[in-house]
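Alright, structures below, take your time with them.
Two complexes come next, and they have one chain in common, chain A, joined by chain B in the first and chain C in the second.
Up next, the complex of A and B:
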């Protein structure tokens, strides 16, 4: 898909753009990589947490008498917390442990440290809490109307609006107006490594915390606040991360803060590792959304208006709900030019498990709904799903729903064409057994890159070039398993002409590099990559490489001149803007475009759906490491299949009914028959070597593609995901399709 | 009780309780932390080891069952100087991302190739279904195993 110029530009590169092996691969295949729970220290204690017994209740008393077992070294309640017991990025109302009101079953009430994990868990079990049970709210639509308030500040977490044109005029001008409701579920990140922390008290009264977290700096902020220590006395070191997917922010900070509290109290190292059940019950999930869409169109498919109302379940605490739903309000129309748009997105508190960041961050829900809607509208107008999309796609120079002019290459049509060409390479062949029906479907999306107008977006990198021509690189964004160490090492190799073997990536340690913001929003390559480049460019200037191209000689001359070869690069994202009253502005500095298609086979008797083949085309700006891009696509498509078909945390009155992998089913090796990745490259001025992003867009498209394919296979439209066998059968019976 | 068995070719004698499982023995008593814990109910498979040559979830092997057994963990599979071909193939094909399931995937693949040196893609998928991976979508893992099987 390269334009010719781009291919030639790429040819000049020596390391960037190549599928080099992971630089951190060996320790992982040898079993030597140290994940947090693998750390051990002399005299280390083990921690356990006593959690709430009701989803909404006032605590009357806490009796720890029976928990004073031999081997127990500390029991802590909220009153024992030296600092502020509450935290939260936007609303600091989430308790580390709580003594008055519990608001969901994951709330912690007491912490125990003991000589063994077994003793700690047994002691926690013996803590007796008496409660006055309070009525609970378990549906955000009820929380919206209810007089019962879960927090003093009310149940509404946020209400985002977007107003463009006048929807009444748009609907009046339409030939067809369609209204549809869609619903999405609680999804669990299901990182295979449960949350873990090891806190080690330091001689100066400070603390070092090893943790399984995505954002060491967010964790540092929480730990320092809870302990009442200056940030400088809290050193957070990221353990090798066994998966995060957006899930290891507050969920990890709370585990680190609890371990740190016990470590300071006992003066000994403390390890706290969640069981899988604790992880399911305590950690935040993907927001369930209730979406209502009204769309107007001309006979030829031209969209005239869209009115959207979305209600999200924020659960017990605010967490990232405001940011997650903000991405939804920006992107809710899908990548289509609509002259008149009115969107309202609300998030409410309930006594369910709280919800927060999860790969996709407010997009998988709206892409599922809007891309199902486009197929429904196409059917109503009797035009093809491809035709209606092409008629309305955003174009370069065109305007988005937020009034932003897209100045970069908008590659929606090439992505769609590439997917359809691959998907339809062979005509659809039905299974000879009439019990099975096959169908194909696809979905398209656009996605804002990095944080956008959510907040300040900046990050840093250090490149420390040594006298022998080797280099140490560290960055303010962290390796989450996605391959950041490798890609950043490639950039240094490219810029300074050092072989990869001579580059060492130093993992994120909050005491040795500037706060570079969180490793989220698929911002690491574009933001961190630019920061690494800035550092390299400073070094190149100091080395005067243009006049002295021999690196070794240049290093010697520079050092002899008394100059340092230690460079710190800082990158600020290009300007963005947002008017929260109108929902207008340049929401993100650039966007990525994608299309995914799928062929499914539905068992008409059981409703079971199998993904036979998936095709995914993504414009990444430029693939700095094509193999790593493909890996993101394979993983994201698979996660999207789980979202569309099997994954749902079942919460009944706040109780998680399936808190382990025997009841919650993430895709296994048999889930998808074949995945075909297609990389599209349109280099972006804002990215290092033109690179944009890939992590999140990969998992936002397969659920609607599957829903659209199920419709083609069975004639039935599933408007609630996951499309479980029961839901598919139900939809088939409703449509009168052959069962 | 004292349990006598072999881990990575070395004889060990471990004092353990009836309900102690092999995963706890490996991680806590032998400091072999390459074997991971993901669910404790035998459903995620990240604690897969070779137990008398077969891939088994270490969290499901309890007490006396360990007596006399031959156990292979990731620490015994190969070294950087003398790696198992699967370890090299996993790196070559990008079968490693976060790496948490990697030891289990490697051992499951070894068990498969030991009993079936030339498996079909379907047989590979069947064998891997007992280990979950949240990062790779399984594709590169399958490719790596195929590459080793094809020599």
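Up next, the complex of A and C:
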């Protein structure tokens, strides 16, 4: 799949582009890696949280009398917080602990620190809170109309618009107009390691926090704000991360802030670890979306207009709803040229668990809807799903819904062709047993890389070259398990000609490197990788390697000249723009393109669905480590299968009904067969060695591919995910499909 | 902290005598269900009497190929036993389709027979529940009840019996051996489970202090059987619908049938009506449809579990068809 120039270029590389083994693999498999809960300190206390008993209620009184058990060293209420008790990325209205109104069942009311976890939990249970119950809102569509307001500022968190052309004219010019409703669910990140923090008070009155988090710098911001300390006195050190998937930003900040409050109050180290149930109830989920699509097309499939209205459930707090839904408004049409577009995306507060960042970040919902829609439209027009897409795909030099001209290589068609070739290598063969029906389906997407016009996008890296030719590397973006320690080490090895064994990656410590923004939005490789490269380029210049190619001699000469071999690289993303009144602008500096296809087997008696085979083609710009790219694809496809088939946090009147893995169904290996990754490379000018992104696009495509395949297998269209046996069965009965 | 006394029983008789005289006292075997309930506050224990050391763990042969399963035999041991696999394969399939390997390595036969519903309101001590708190009402009527029962329900309760193993045991005509202070009694599994009616808190015929010591399986009459389970993922998940089916077919005619349904009843559901219609009928798809239809005629679905009627019907038809195929298929 390499473009010719790229394979030429790759040939000259010694380390980048190779599937080198993960530099952090051994400590993990040997059990030596230190996760946050593994940290322990002399005299350490354990913390527990008293949580809300109602999803919406006014607190009348809090009685801590009965909680004063032997071994309890501190009980804290909101009034005991030395700094600002509220935080939030955009709207700082989320409480660390609260004393007036609880807005969902994850809200904390009191913190306890005790000599053992058992005592702390028992004490928290004995705190008696009396409430005046308030009526709750549990559906964003009701919250939209309701007189009842969950926050003083109202229930609407955000309303994004996009206006391009004139949709009424587009629909008038259409031969066919189709309207469809789709619905998606709350999804849990289900990281194996629940949120954890260990806070250690420092002699200077500051605090050091070890935490399970994706974004040490935003954690530092929250902890400093809540404690009323200058940022410099709060040091946040990331523990080995047992999974994040977008879920360990605010969810982790709050846990770290609580541990820090108790540590500062008692003067002792404090450990706080959420149970799985607490993690389910407290941490934010993927937004459920209610999506209405209206699309117009000519007989030949040419799209003329799209009108989209989306209502998202933001839950109790604003968190990152504004950012998540912004990606949705940019990408809602799918990767298709539509001359007339009108999109409105709303997020409303409810008394459900709040929602926020989750791998995909506002795209899995709209990709599910728009890619189901494209198949429905193709069927209506009696043309093939591939043909309708190819007719409308974005092209290099073409314009997106936001009016952005795509200057890089747009690889939608090659991705689709690659998937279809692999998927249809063998003709579809039905199971000899007529109970099972097989079908194939696929979906395509484009995705803005990194943060885009959400905000400032810049990050830094330090490369500290030592006298013996070894090097220490650290970056402002953090290792989440995605493999950046390995890939950044590969870049240093490539640039400086040092073997990987001589490179040590130093994990993120907020006191030793500049704030490099969050490790989210699949931005680490492209942003952090560039920063590492900038640092290396500075060193190469100082070493004068072009004149003195022997590294050891060059190091000696540079040090003898009194120059430093410590370099800090900073990378600022290319310019982006956004007009919030029209939804027009260059939303992201570059995009990635992908297609995933799937063959499913549906039990047409029961609706049970299995993924027999999945094929995933992703343009990553350039695979710095092909094996790591494939691993991202395996994981993302599996997560996408869970999104499409099994995973749903069931919230009823704000109560999580399935707060553990027995009731929350991550798909198991028996439901997912072979996964075939296909890497497409079109080096991008904005990426290190041309690399772009892989983490998130991998999990946004399988749900619609599955829905399209279920239709082919059974004739039934499932418009609500996950496609559980009950939903598939229901759809089959409605369509009068095979019974 | 809720403290309780913990002791280990040295003889079955002493254990039964001890427990009969005490309130809030429980036998503790694998603990996979009881410990959950203690943690959730669904149960309150002053005494836990560990019966792990009792001798009731053996699998012993009975006359003509029957088998006696000691109540303390682990689920995983029973599923792996060669006699079970060859003579009662449906039982092995049912056990292996339930829970996870870790749970099956802890859970006992007796404990599985006594496992309680997964109704989320039963397990949530803040919710009204007629089973847990008699007379308090049923939160599932208005609330989430997608996986609730459609057979054997009452106005007071329609919580699903969660076991897979017990469904197979129901089809196998299992008899429970029960030890009480006055001696031993035998009770067919079908009489052991009580429908909720207006006393949903009474789930079994077991009196306080009585202990299930064994399960007796009569000689297998059948050659072919199946346990078919439909669920939302392929492992570690309760049934949406399940069917345990054993048939004896000669020259296309069904001579004997044992049918039970899981995941849809308030108790492991012996499908007597289906059996009645099957015996004497020819093994045809039509006959299976008729039998399944008749069995589910009594189904009473609620707002969100209407799908279970159709799902159970189809599951049963398919299970019957698969067993018929093992007998050489349809005419």
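By our rule, the second predicted complex is superposed on the first by the 739 of 739 C-alpha atoms of A that agree within 3 Å, B and C clash if a C-alpha of one lies under 4 Å from a C-alpha of the other, contacts with A are read in each partner's own complex, and residues count from 1 in each chain.
The definition used in the following text is that contacts are C-beta pairs under 8 Å (C-beta built on N, C-alpha and C of every residue); 3 or more make two chains touch, one makes a residue touch a chain.
Bear in mind that the values here come from a model prediction, so they are computed numbers and not experimental data.
Q: State whether chain B and chain C clash or fit side by side on chain A once the two structures are superposed.
A: fit
Q: Can A:194 be said to touch chain B (first), chain C (second), both, or neither?
A: Only chain B is touched by A:194; chain C is not.
Q: For A:58, decide between first (touching chain B), second (touching chain C), both and neither.
A: It touches nothing on chain B or chain C.
Q: Answer with first, second, both or neither: which of chain B and chain C does A:556 touch in the superposed model?
A: Neither partner.
Q: Quick one: classify A:122 as touching chain B (first), chain C (second), both or neither.
A: Second partner only.
Q: Between chain B and chain C, whom does A:407 touch in the aligned arrangement: first, second, both, or neither?
A: So A:407 meets neither chain B nor chain C here.
Q: Examine A:670 and indicate which partner it touches, taking first as chain B and second as chain C; both and neither are also allowed.
A: both
Q: Tell me which partner A:652 touches in the superposition: chain B (first), chain C (second), both or neither.
A: second
Q: With both complexes superposed on chain A, which partner does A:605 reach: first (chain B), second (chain C), both or neither?
A: After superposition on chain A, A:605 lies in contact with chain C alone.
Q: What is the angle, as a multiple of 10 degrees, that the CA centres of chain B and chain C span when seen from the CA centre of chain A?
A: After superposition on chain A, the angle is 50 degrees.
Q: Who wins on chain A residues touched, chain B or chain C?
A: The partner with more contacted residues on chain A is B.
Q: Quick one: is A:730 in contact with chain B, with chain C, with both, or with neither? Answer first, second, both or neither.
A: Only chain C is touched by A:730; chain B is not.
Q: Considering the aligned complexes, could you tell me the closest Cα pair distance between chain B and chain C in angstrom?
A: 5
Q: If I apply the document's touch criterion, which positions on chain A are contacted by chain B in one structure and by chain C in the other?
A: After superposing on chain A, chain A residues 661-662, 666-668, 670-671 contact both chain B and chain C.
Q: Looking at the complex, which residues from chain B come into contact with chain A?
A: For this pair, the touching residues of chain B are 27, 31-41, 43-44, 46, 73-75, 77-80, 83, 87, 90-92, 94, 96-103, 106, 124-126, 128-129, 131-142.
Q: Using the touch definition up top, name the residues of chain A that touch chain C in the complex.
A: So the residues of chain A in touch with chain C come to 53, 118, 122, 435, 603, 605-608, 610, 646, 650, 652-653, 655, 657-658, 661-663, 665-668, 670-671, 724-726, 729-730, 733, 739.
Q: State the interface residues of chain C toward chain A in the complex, per the touch definition above.
A: 1, 120, 124, 126, 143-144, 146, 230-237, 240-241, 307-308, 310-311, 314-315, 317-318
Q: Touching residues of chain A toward chain B in the complex: what are they?
A: So the residues of chain A touching chain B come out as 19, 21-22, 24-35, 37-38, 40, 189-194, 240-245, 275-276, 480-483, 627-628, 630-631, 633-639, 660-662, 666-672, 675.
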